[in-house]
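In the two assemblies presented below, chain A is common to both, partnered first by chain B and then by chain C.
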Partner chain A sequence: MSTVDAEILSTGAGDLRPVERKAGRRVSRYGGRWVPYVFLLPYLALFATFVLAPIVIGLWVSLHVWDFTIPRKPWNGLGNYKDLFDSQSVVGPDFIRSMKATGIFTLFSVPLLVVVPLAVALLMNAKFKGRNLFRAVYFAPYVLGVAVIAVLWRYILDNNIGLLNRYLGAIGLPDDIAWTTSTPAAWFALIGVTVWWTLGFNAVIYLAGLQDIPAELYEAAKIDGAGRWQQFRNVTLPGLRPVLMFVVIITIIASANMFGQSYLITQGQPGNETRTAIYYIAETGLKNFDMGRAAAMSFILTLCLLVLSGLVMLAFRERKGASR
Partner chain B sequence: MTAVAEGTAPLTTNPDGRQTNRRPGGAKRALQYTVLTILTILFVSPLIWMAVTSFKTQADAIDPTPQWIPAHPTVSAYDTMFGSADTPVLRWFLNSVLAAAGQAVLVVATAALAAYALARMDFAGKRLIFSTIVATLFVPAVILIIPNYIIVSKFAWLDSLTAVIVPGAASAFGVFFLRQFFLSLPSELEEAAYVDGAGPFRIFWSVVLPLSKPALATLALLAFLTNWNDFLWPLYVLFSAEQQTLPAGLATLQNANAVRYDLLMAGAMIAAVPVLLLYLAAQRFVIEGVSRSGLKG
Partner chain C sequence: MTPTPLSRRNFLGLSAAVGLAGFAAACGGTSGPPGTQQQEGGGGTFTGTYDGPNVALAFWNGFTGGDGPYMKKLVDQFNKEHPNIKVTMTTIRWQDYYQKVPAAVQSGKGPDVGAAHQDNLATLAARRSIQPLDDLASELKLEENDFIPAVWQGGVYQGKRYGIPLDVHSLAQYWNSDQLSKGGLQKPPASKEEFDQAVSKIKSDAGVAQPFWMPSLWPAHLIFYSLIWQNGGAPYSEDGKTATFNSPEGVAALTWMVDQIKAGTSPRNVAIDTQYNAFKTGRNAGTFDGIWQINDLKTTAPKLKWQMAAVPQIFDKKAVWSNGHNFVLMNQPKPDDNKLQASKVFINYISEKSAEWANAGMIPARNSARQDPSFAKQPQAVVAADVDSFHFLPAVPGIGDVGFQGIEQAVAKATLLQQDPKTALDNSAGVANKLLEDNRKKFGG
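Then we have the complex of A and B:
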């Protein structure tokens, strides 16, 4: 995993590589042998305590009946994991429902959040008056954070007096859609709000990637008689490959961790249908203090995410091979 | 870049009879501006609606006929927000600033030291340490929530700002990002300082850090924004009204006042306006920081 990551992560830093090579060879004379470890110590202390240890502790906790409020925490083997997939257990059906919610949200929000910001970025990828202003406006919701955004949209989506239903009614459409308390309307609402909130973020990353594609490539394509679409397919997309993969992966991870929108806008309604996995994990572990099962759930969710990220990387890799 | 395109573009005639160069400037440019303007309206109007509603009475806020200009403008929602002991918004604001700034400082300080060692020094275990850090970049944060809650409670940090500052400060991204930056710096200055007899800490402090201000500022800003907007963690590790950050406080506010939209919008405004102002002032810097993070991280 780590070598794959390291390679991906160095993409986009092509301009740094020659320097890196030069730097790699030099200096080993920075003081005593202990000096590097002194530099590393503060970070590694944090990293070990709050990243590495928790992964191990989480695994340990997931193998116990671990009620935070009860001192005795008996060994349970894989019992917690079995419970999650047992339709007769207290948590099984709810967990599956929450994974389904996360799945639905991820499945529909990711494509939108990959494609729409790309379209917006393409639209802005030229020099014109007001470009920076537009870019700043589209990015603005992102800096406000999920709490402000969700509280605001909960109001706009209010089934009775919300702006959205008012205006839908005004143009002759149904004005009584229960955006926050019925499905599928709630999914449209959650996905729509999320796109509104993070479109600018992805667009800005695309825009930076687009500007790194050398103009000469487009000129060459034009000379070869390539039309707009062919330029997009043969110059833009390949040039954007690393950025595209980055956007797909961070968007999957962000969507699969969707919490605030569901917590504040739909409160999981109707009947916990829009309660996402991470929402259910937080409620199980940090509200009901059933940490053993909650930890088991977080390992299952993480496993799904790692597999999904791996598949995305593979997909992008193969495409690269095919194009050569 | 467009100069070449202009030179080769054929002249065409517009419906109104004027000859124009067929480049983005005619109908295409108009379409582009139309789409961008529609998007702008979609992005700005909800924010205006929030601002307008915060100056309404409770009744006007739920008027079925949307009032874009309040019929009875008032600051009573703000009075309630600032005056009530249940909603110490100023305290929440202060907590958010302290938490975000504290974490940003911690992230930059620890990541810069570690990244410098990983970029410039040779030592046993370097590859292992670096690849472990990079490997955790894609580990979703959800896996850390439960165990970190246990750890934080063992440290007796629950319901304190420390809980929202320290655990999230172990930034693998920060180390990766700054290491890339340090590698891009020419090493001649450091070598010159070494020849002049400067020790490693001196070189780091007086030569490397001053050269790295843009990268450090970018990382600080990203860390600040991430912490400022963090929602799930503060919601569960902070309990008392006095200890909330703004996002967690807003959730409390919504739970207590489900349909008092005047109050909710005032609360949202109090959380939004300071960041929006900061954003307006440093807009280009923020956006460039984020786009750089995308390319490198």
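Then we have the complex of A and C:
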């Protein structure tokens, strides 16, 4: 900051032109080439400490047999990574199964969490009596912690003493579905609970996006004779494009990081089929203190997410000429 | 291995969130663990009292169930009688406890004194979270012949003593008294024949269609341990180096569990805690669970009339899974003789209150306290009558995790009828043997 002040003082308030001329266009009016970096420095420090350093240290850890309670941490090269894809190793089959579990969950929860909240947001955006209550009701579950919703749903979903099967039986449907101890019922349960729990968040983001679309566009569309569906397709959806991309990416990441629901509701049952990647990473690293393998797993998962996010961005990129 | 009731099992969560925060910290890696300079007890001779300057001791444990308030009471009593020692008790669910203690000790922020299960002592010792206390045992004048041999031996790892036994606890059976008597029975079954008879009588006469619900998770593996020992097998070889739970004895044990489901004695797909919750509400008639549930039943199902007994003998021998609580001394980055001395006074004090601790639903580890007439009034005394039937897991570092990834998975898969018992056990034994080998490399045993 002091260099900035000094520059301003030395050039004076009135005559800035000589500075510009001397240093060319790249130098801002208010200082030297380091000024932007000085402004970035506070965030850079945080970024380096909490993002860069952990990545580098994590990479280092993943190349060792690393149990932090044991002083000997022998170098293992790519051994941890190899183990993950070796069906004969202790962790290999479990890791692949956990990645599959995360994949299944992401595959089915993301479309629902993208579409259902959009529908809810469209409803919330309409003008009707009791709208605020309606908005609050949909957002309410999101306020609860995962431990709360999990305990709640475990009692509802229990196949022997739970409410859900009782009600299903009362209306003549099968009442013996094992919602927490068999697949695919457990996936229906986990995805259903997650949609119920988090749809409010996505809906609020959509709602903000909807309110940003100028009303004139709708008016113009109406004058052009567009019906409701055409308004939605040609005004609402294009208007929501940036919001939609944001929602898709954060929903994918949130779904891929699913942990609490399966940890608390199904305990990974049956036979680890609903144990997600994050669940398994936490178990490996924090319960078994096997930080080396846990770090390796995290990198593989991160890599998958990077690729997936890249694909989403590619899909949402502005197509030249096509849409304009 | 975690003898606190619902609290530990119901609210499994959040630990991970906390844990993940610790992940980054852990990766930072402190250079040397505090235990590198092992303190062999030290602290001069033990006189039974402490008269140094005021010290504060941190005491961590996992008594989150009906046992917690009793320990708190003993600690308060101790603080009152020892004005120069202030013990602060912190209770963390066992499951989190065993995650936190190694990390806390590693970073030099561990407590002074802790409690630990017998089957976790070797793991904690191998991770050098706790220090040997042979001298303390002799200073406290603990005699081997005052303890159950398996409990006394269970505190030893690589020739050194790491735990001062506090209590033992085992699996037991609980029955709904009303339904038992409607079925024309006076007491819980003691043998396989009595068990089958009790089940069919309660079915026909008490109108309970499914009297005994077989869990798929906790404490299903404890039932399996008990049965394999009853059948003359063992989960692991004696040296703890190989998994033997897929032996014919083990397959027969697990088959008996699965047969209860196939025969309709138990419903299918019993989720976590369901069998116990159903017992509390009278939906089933009997359940197997740890003796630590006594206080939970008393407080959360006060109207339920129940009685308990030792696990019935289904196979040739009497045997039941057991475990014990021990006192441990944590490794410190900077050994402090005053604290060490005060810790010893504290451990000695509680250890001598064995009989009062029995109110927490536990069985005193000391023979003298167990044979005391006051203990005979405790509900768990019926279970303690035959301590020779108590079987413990071998003192091998990492055995808890081997059980979790091995036996518990096999038992879950078989009781959910996903795999037949033999396939499930064979698969899990393969995993367990690999883990045991990994652990040997890691811990150097």
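Operating definition for what follows: the second predicted complex is superposed on the first by the 271 of 324 C-alpha atoms of A that agree within 3 Å, B and C clash if a C-alpha of one lies under 4 Å from a C-alpha of the other, contacts with A are read in each partner's own complex, and residues count from 1 in each chain.
In this text, contacts are C-beta pairs under 8 Å (C-beta built on N, C-alpha and C of every residue); 3 or more make two chains touch, one makes a residue touch a chain.
All values derive from a computational prediction rather than experimental measurement.
Quick check for you: in the superposed arrangement, does A:42 touch first (chain B), second (chain C), both or neither?
Touch partner of A:42: chain B, not chain C.
With both complexes overlaid on chain A, does A:182 touch chain B (first), chain C (second), both or neither?
second
Counting only touches as set out at the top, which of chain B and chain C does A:161 meet: first, second, both, neither?
both
If we overlay the two complexes on their shared chain A, which of chain B and chain C does A:68 touch? Say first, second, both or neither.
Both partners, chain B and chain C.
State whether chain B or chain C is in contact with more residues of chain A in the superposed arrangement.
Counting contacted residues of chain A, the larger count belongs to B.
Regarding the shared-chain residue A:125, is it in contact with chain B (first), chain C (second), both, or neither?
Neither partner.
Between chain B (first) and chain C (second), which, if any, makes contact with A:231: first, second, both or neither?
neither
With the two structures laid over each other on chain A, which partner does A:271 touch: chain B (first), chain C (second), both, or neither?
In the superposition, A:271 contacts chain C only.
Give one of first, second, both or neither to describe whether A:201 is in contact with chain B, with chain C, with both, or with none.
Touch partner of A:201: chain B, not chain C.
Give me the intersection of chain A's contacts with chain B and its contacts with chain C, in residue numbers.
The overlap between the chain B and chain C interfaces on chain A comprises residues 50, 54, 57-58, 61, 68, 145-147, 151, 154, 158, 160-161, 259-260, 263-264, 282, 285-287, 291, 294-295.
Along chain C, where are the residues that touch chain A in the complex?
Contacts found on chain C: 10-14, 16-17, 19-20, 22-24, 26-29, 32-33, 36, 99, 102-103, 106, 126-129, 213, 216-217, 267-272, 274, 277-278, 281, 283, 398, 401, 405, 409, 412-413, 416, 418-419, 431, 434-435, 438, 442-443.
Residue numbers of chain A touching chain C in their complex, please.
Residue list for chain A touching chain C: 50, 54, 57-58, 61, 65, 67-71, 89-90, 94, 145-147, 150-151, 154, 158-161, 176, 178, 180-182, 259-260, 263-264, 267, 269-272, 282, 285-289, 291, 294-295.
Can you list the residues on chain B that touch chain A in the complex?
My answer: residues 1-2, 4-5, 24, 29, 32, 35-36, 39-40, 42-44, 46-47, 49-50, 53, 62-66, 106, 109-111, 113-114, 116-123, 126, 129, 131-151, 153, 166-170, 172, 175-176, 180, 183-187, 190-191, 194, 199-200, 203-204, 225, 228-229, 231-232, 235-236, 246-248, 250-251, 253-254, 259, 261, 264-265, 267-268, 271-272, 275-276, 279, 283-284, 286-287, 290-292, 294-297.
Using the touch rule from the top, collect the residues of chain A that touch chain B in their complex.
1-3, 5-6, 9-10, 12-13, 15-16, 19-20, 22-23, 26-31, 33, 35-37, 39-40, 42-44, 46-47, 49-55, 57-58, 61, 68, 120, 123-124, 126-128, 130, 132, 134-141, 143-148, 151-156, 158, 160-161, 163, 166-167, 196, 200-201, 204-205, 207-209, 212, 215, 219, 222, 243, 246-247, 249, 253, 256-257, 259-260, 263-264, 277-278, 281-282, 285-287, 291, 294-295, 298-299, 301-302, 305-306, 309
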